[in-house]
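So that we are looking at the same thing, I have put the structure below in structure tokens.
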Amino acid sequence: MAADNFLHDDKLREECGVFGIFGHEDAAPLTVLGLHALQHRGQEAAGIVSYDGEHFHSERRLGLVGDQFTKKSVVDRLKGHAAVGHVRYSTTGETAIRNVQPLFADLSGGGFALAHNGNLTNALKIREELIASGAICQSTSDTEVIMHLVARSRKQRLVERLIDALLQIEGGYALVAVTNKKLIGARDPLGLRPLVLGKLDGAYVFASETCALDIIGAEFVREVDNGEVVVVTKDGIESHRPFPPRTPRPCLFEYIYFARPDSIVGGRSVYEVRKNFGAQLAIEAPADADVVVPVPDSGVPSAIGYAQQSGLPFELGIIRNQYVGRTFIEPEQRIRKLGVKLKHSGNSAAIRGKRIVLIDDSIVRGTTSIKIVQMMYEKGAREVHMRVACPPITYPDFYGIDTPEKAKLLASHHSLEEMRQFIGVESLAFLSVDGIYRALGYDGRDATNPQFADHYFTGDYPTPLVDQDDNQPHRQLSLLAEAS
Amino acid sequence: MAADNFLHDDKLREECGVFGIFGHEDAAPLTVLGLHALQHRGQEAAGIVSYDGEHFHSERRLGLVGDQFTKKSVVDRLKGHAAVGHVRYSTTGETAIRNVQPLFADLSGGGFALAHNGNLTNALKIREELIASGAICQSTSDTEVIMHLVARSRKQRLVERLIDALLQIEGGYALVAVTNKKLIGARDPLGLRPLVLGKLDGAYVFASETCALDIIGAEFVREVDNGEVVVVTKDGIESHRPFPPRTPRPCLFEYIYFARPDSIVGGRSVYEVRKNFGAQLAIEAPADADVVVPVPDSGVPSAIGYAQQSGLPFELGIIRNQYVGRTFIEPEQRIRKLGVKLKHSGNSAAIRGKRIVLIDDSIVRGTTSIKIVQMMYEKGAREVHMRVACPPITYPDFYGIDTPEKAKLLASHHSLEEMRQFIGVESLAFLSVDGIYRALGYDGRDATNPQFADHYFTGDYPTPLVDQDDNQPHRQLSLLAEAS
Amino acid sequence: MAADNFLHDDKLREECGVFGIFGHEDAAPLTVLGLHALQHRGQEAAGIVSYDGEHFHSERRLGLVGDQFTKKSVVDRLKGHAAVGHVRYSTTGETAIRNVQPLFADLSGGGFALAHNGNLTNALKIREELIASGAICQSTSDTEVIMHLVARSRKQRLVERLIDALLQIEGGYALVAVTNKKLIGARDPLGLRPLVLGKLDGAYVFASETCALDIIGAEFVREVDNGEVVVVTKDGIESHRPFPPRTPRPCLFEYIYFARPDSIVGGRSVYEVRKNFGAQLAIEAPADADVVVPVPDSGVPSAIGYAQQSGLPFELGIIRNQYVGRTFIEPEQRIRKLGVKLKHSGNSAAIRGKRIVLIDDSIVRGTTSIKIVQMMYEKGAREVHMRVACPPITYPDFYGIDTPEKAKLLASHHSLEEMRQFIGVESLAFLSVDGIYRALGYDGRDATNPQFADHYFTGDYPTPLVDQDDNQPHRQLSLLAEAS
Amino acid sequence: MAADNFLHDDKLREECGVFGIFGHEDAAPLTVLGLHALQHRGQEAAGIVSYDGEHFHSERRLGLVGDQFTKKSVVDRLKGHAAVGHVRYSTTGETAIRNVQPLFADLSGGGFALAHNGNLTNALKIREELIASGAICQSTSDTEVIMHLVARSRKQRLVERLIDALLQIEGGYALVAVTNKKLIGARDPLGLRPLVLGKLDGAYVFASETCALDIIGAEFVREVDNGEVVVVTKDGIESHRPFPPRTPRPCLFEYIYFARPDSIVGGRSVYEVRKNFGAQLAIEAPADADVVVPVPDSGVPSAIGYAQQSGLPFELGIIRNQYVGRTFIEPEQRIRKLGVKLKHSGNSAAIRGKRIVLIDDSIVRGTTSIKIVQMMYEKGAREVHMRVACPPITYPDFYGIDTPEKAKLLASHHSLEEMRQFIGVESLAFLSVDGIYRALGYDGRDATNPQFADHYFTGDYPTPLVDQDDNQPHRQLSLLAEAS
């Protein structure tokens, strides 16, 4: 990994984005576009399975949607009026085509393709049981576990069998599946992972975010509810609610970092929410400074909010090199050594001699913050005051966000003052937990019944962590490492 | 497919070659070399799984071994002292990475990697049963079926579980498997598909042919017997014979076309056997001609045999363009239209004004023969007498040879005279069935207990054809078409 | 070209960026980094020639620096302590490796490698004369013309011969050359094209912009003066001024669009200048609006300036998909048809129900502006007031900027009101010519002795246009079209 | 270079093959096919320039014709009814696109594309003079030198200018050129390099060998004579003979190794000539042996001739791996170390216990012969008698054959007995110089007026060696090393 990837390296990672459509003659090209709009949720690989009324067609590729799925030959092979798609970010560092989704299997009722965003908290336990009873696991993905449970269910109809499977799994998930008759979208009982329903030319669409509806011009219908299983057939949609009713607890990090700013999540504009985070931060932690500087690109909306609330001017103190994103992946050592500024550079004119408020959306390990702050001083900043538009991250996530282990989370083992010194700034402040709820329109966090999943800040995990409860927290059954 | 591939298009195809090694520090590079020597058995894809004492490592690629497995990065990832490898020719036209072997799965006893050459005659039936009982089938390969049976066996030890699986399958197979403690090689009860055992620096080696032992300098130990399961551990080898004793019936086509001429199959030099076929053909079907011309390259040994027996001079009447093999795969239509001689050209100097005996190893559809004969006449041959160094192919194979359906086999629905007219030669003769046995050292075919599998000539299938017995001979459960 | 490239398609294009270094053991990797920082000046191809004291080494590739020049094998081949490099944007649509710079030739004094940014206004005339006298022209580039003139000079020393050549050419150029003893940097008599001098570890560096010095940590020494030829040898630098002294007239478009915002051009921060353009525009053309929205990314600094001056809030009303830049180059027609929003999307939350001031850096054809404005209305903007941070572009450039012919420049044949209607906005205003000078610190344009080249706005070309003066304005001698 | 390339490494190399066609609507695809048939003359790169009546179109690529020129997009770009093409083997180890032919230049009379097979013996001298007088040389090829001479000629018509150029150069060449009105083919005064004229559908064709006529179905018209310049226009062909009449001395190595066996060179079948070489060798140097074994593939015709003459059986004692040709180019060191038999293997069955006569077409360095002989003994040969179907190569070539310098030619500094010991055979014999002439139908070599160029055997160079006569035999003006 290049030294210069630092600005990206220190972010939390989403594992996936999903998309599905049923009943549209352009099912595959629309899925390509939908996945492209969800590309920020996973850049490692993408896959699409379509169904043409007779056969299923699958294309799975490492790389970006826009590189791998734009050829006529690829789109033409994905025949049919129904399709599900997936973009993936690998949590394990393992770049294996066998782990790329959607997975497909022949079941007794016919073909079944499944794509899934999220993480199960009891997948390892179930996997062990499956293997003990003679199942073969060819990938390390939770998706395969769900598939096995569907395959083994004694229920008759496929939807019942899927529900049977969902009742056995724990964790956060949003999944889309296509069979020879149906498109199914489902969301975990707490609604941890996002899934929305849209409509285009009479065809129903599922997607992780509304931006995937926007790109194809689909109308937003509603969010899939927590614990809901929505089934689309040629006769329309039907809704199943197999779980006991619960108050939803969607993941706060969709607002903080994952979702695209132009998406609507839980009825709120992500862009507006991020500006509110910045504004709330300005109220909670004002700074005696001259300019507000965002860490690009994810810090920009919060910085705008902070600037507007504080009255300080907003300035581009850091310039991003727009040609770095996908090149300089593994530069030769002599270049890497010399090129510590491949990705960003400080904009001296905006910061020289100034006291700056540097706004970032979050701090994970803090290693990146050190480098950015240092760059600001080198380019002449007189004082750097860092403001972070979310609370300190102190606990790992187990629902589909790729968090480093607890020991590597800066805030989990440093005091605020220690962090300030570590990062090397004049002052450092984080948005408070109650502040984040206020920015979302509440008076604060409802401690007895929290409105969101916020365990990364509070340690209050919304579900049992089965696989974590025994003493092998990162036990990996699969012994196979594959790159291809 | 290019028009000019005709000389190759009209051959039978082997599905695979396998290789395995245990207890050698260069396990992966040796497997690369072994697979390279077996490349003629499958050019579509290759794969290697190695085991390093802790993890399994898998690399599977479409393309040739020499292209895909020669990079340092690839070889370095394949750590360990044990490895199994596979080269594959796709019988289905489906070029899917998910079908590339070896397959790997986590079983309750640990990791298990399996590579397999051959075809099961009851795989579809078993597959249906597996799916009905909740298994998920992610590929269309027989290998996955075997893996499921191993996974579901109630036996304790892995070898016992594999034997349990083998007892349920029918057909032709040679397989190699690696576990965290063992390397296993096994051959079907009739020894239809070939497998040999070798030794290098104290490490045991399995390979489809002896030429793979030669390339790494390994000593030939013996053939794996029909129905034998050979288990290699650090303590040496042990042999299991789970099937009732039977007389072997190895596949004649290894001698006729598949095996490399420098391999030793069943104790016989393939080159010598082919020369014998030619010599026997000269005895059975002499020709009043001036020169003997082989169809390159596979007809050369038989042509040498025919020439030596008949006393006629051997001449290169057809010149192969050595640069065609892998280029001109799909030339633009304007080139294809013009270029009917991309691959071979007639050598006028050797044949002008002459009566030639054209020797080919076999005739499948006959379409190629027409073109070659026509080229001979165009280049001035006065008479063309075709001699084929095996009997007429009249029945399809179901044990791992990719045969066209019966209706497309020229000899299955044409008399000899019809074939002669179809191909357009002065005279046409095939080696007799008894002649092929004579060339192999017998007095003729032992009708009650045939020494070889020869069903493509006789219709005498050596095993029941379970999947063929119902009325859906090409029933394909999998509904998935994938290219990647 | 994809429909979605529209935001980029309607910008003026720079032809090139150049870089050179002499006397550093890391000459090649530093040149790679320097060219990467200049990548915005040309994305089609890049090239580097190095000199190791004995041989010259050349690598020229189509594609991005970060893709093509990061491998160890490439960097290792570029041996030596001196190097020149080039990034290129093709003005002609011809993507030919033979036109990729630097060019190299054996001259009587030894090897000579030349890279050049700009365009000669008498190249065609000279080329005709060269050909008439027996020269062979293998490319269509001006660089080859300069090389011929150097080769044919009767002067003795190489610097003298280069000067001899420069005295014969007209136009805008910044060039770097390396010989077996020297690195040379030169700028046209008016300083139309930019070139700066820097120093790193005692080694001198030339680059088109200061951002290329920043990335390698080099110190900015000074700009190369207009008409100056700077020669670097192991003994230091010497300056030649072969032209009569003239007031410089650097190109305004470096400030408007070409240069990176963090570069310093003519002693001014490009970022500051662009903010000043926005502020001046707010003074000249205020709007009765609610928010200021930039067209990303190039409109951002001006929008910040406009917002700060006007007191209106700055909002991200358009979100750029960061994964589009290099993918979806030629998507299959079915995708293209559906995907008109691949690159950007309107951010409804920021603009719904609002009166917006949309800020763009320039308008060329206007086709893009139409689409953006339409997107704004679709996303709920109540009124759109467009403000353009430069004057109307009415004349083509002939000094190295790829301008469409006059007839395609929107402002050259439409009145302001016609343009307003064409683009479909409530109001439209451009920065005035005097305004642009004011934003740069002058009272206004000095009509008798203009401080900058501003012919695209005024028609006042700073040099004679020899090749344009006859009646074949786009006469192309070369008859060769090559793609490779 | 891989260790296993040994069998090929020890051959002499031809530099090029050329092809041209005029007046055919399929000019480009026919040129693709023609170059494919000439691929054995150069595998490094290929190029085609076509002319469509208005523009020239050029495509030049590294790699094989069948890989690089079969796409529709490539063929479609090569518009027009006239084309010239070239395949190249690099003599210098420098794989540079700038050296790939045909070259194109704008001359005062219009475009001119030139492709050339051969080598000039006074190119360096001319090049020095050109550079001294102000020419720029961008490649290291002789072709560029010829182009400069054409460009500088004071003659009026292009054919006259080309003849003017030819009168200044010395050496061996066969060239084809296309202008906006003509196709030209020319051959050096001695006819050292081959060129034939053919006709297809009324269009004239030039090619290095007749096999390129055969592949497109063109009729062979005649050879271009030594010293002849053939000009094809829409009005037919005209012949110029600018040189004083001389007896031709075509290159013997076309018969020995370069030409394809199915080509007709100088009115003789190459296959027949090679058989005659073998037969003559059997007469001159019989062996007390059991079988004749060819070194594949080039030794096969001579071996057939030897076997037929001697009455010994012809056997395939060496099997070539048909999948090696283009893979295993640079295998990882661990594979290379282990895999000394990647390319060929000994066929034990054919040679065990036998006394073999090993037939090769030529011996250059002898390093390969050592390895082959060793392989024969390892596989059980009792005695190995080596017979070489040409005389000992003792002098380098300077007319387009890539010969090692004299010191590396085995025969130039070893006696026959020393060579026998070096190679490790029981006996060793070469065809005599007179024998080679006898096999070609003469009584022997005419010492006063030799019928062929045979300097590699005799040191009797047919032309002055201008560039060799001063003391810098390998003086390379160009200082540039480029790989791209």
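Read from first to last, the chains carry the letters A, B, C and D; within each, the first residue is number 1.
The definition used in the following text is that a residue touches a chain if its C-beta (ideal position, glycine included) is under 8 Å from a C-beta of that chain, and two chains touch if they have at least 3 such contacts.
Not measured: the values here are computed from a predicted model.
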**Asked** What angle of turn lays chain C on top of chain D when you fit their CA atoms, given in steps of 5 degrees?
**Response** 180
**Item:** Chain whose Cα centroid lies at the greatest distance from that of chain D
**Value:** A
**Message:** I'd like the Å distance between the centres of chain C and chain D, where a centre is the mean of that chain's Cα atoms.
**Reply:** 48
**Asked** Where the centres are mean C-alpha positions, what is the separation of chain A from chain C, in Å?
**Response** 38
**Fill in**
Distance between the CA centroids of chain A and chain D (whole Å) is 61
**Request:** For chain C, write out the residues touching at least two other chains, lowest number first.
**Result:** none
**Prompt:** Could you list each pair of chains that touch, in label order?
**Reply:** A-B, A-C, B-D, C-D
**Asked** Considering the complex alone, what residue numbers of chain D touch chain B?
**Response** 26, 29-30, 32-33, 36-37, 39-40, 43, 64-67, 70-72, 74-76, 211, 214-216, 260-262, 264, 269-272, 297, 300-301, 304, 307-308, 313-316, 319, 321-335, 338-339, 341-342, 345-350
**Message:** Please output the residues of chain C touching chain D within their complex, sorted ascending.
**Reply:** 49, 54-61, 77, 97-98, 103-108, 110-111, 127, 131-132, 134-138, 144, 147-148, 151-153, 180, 477-484
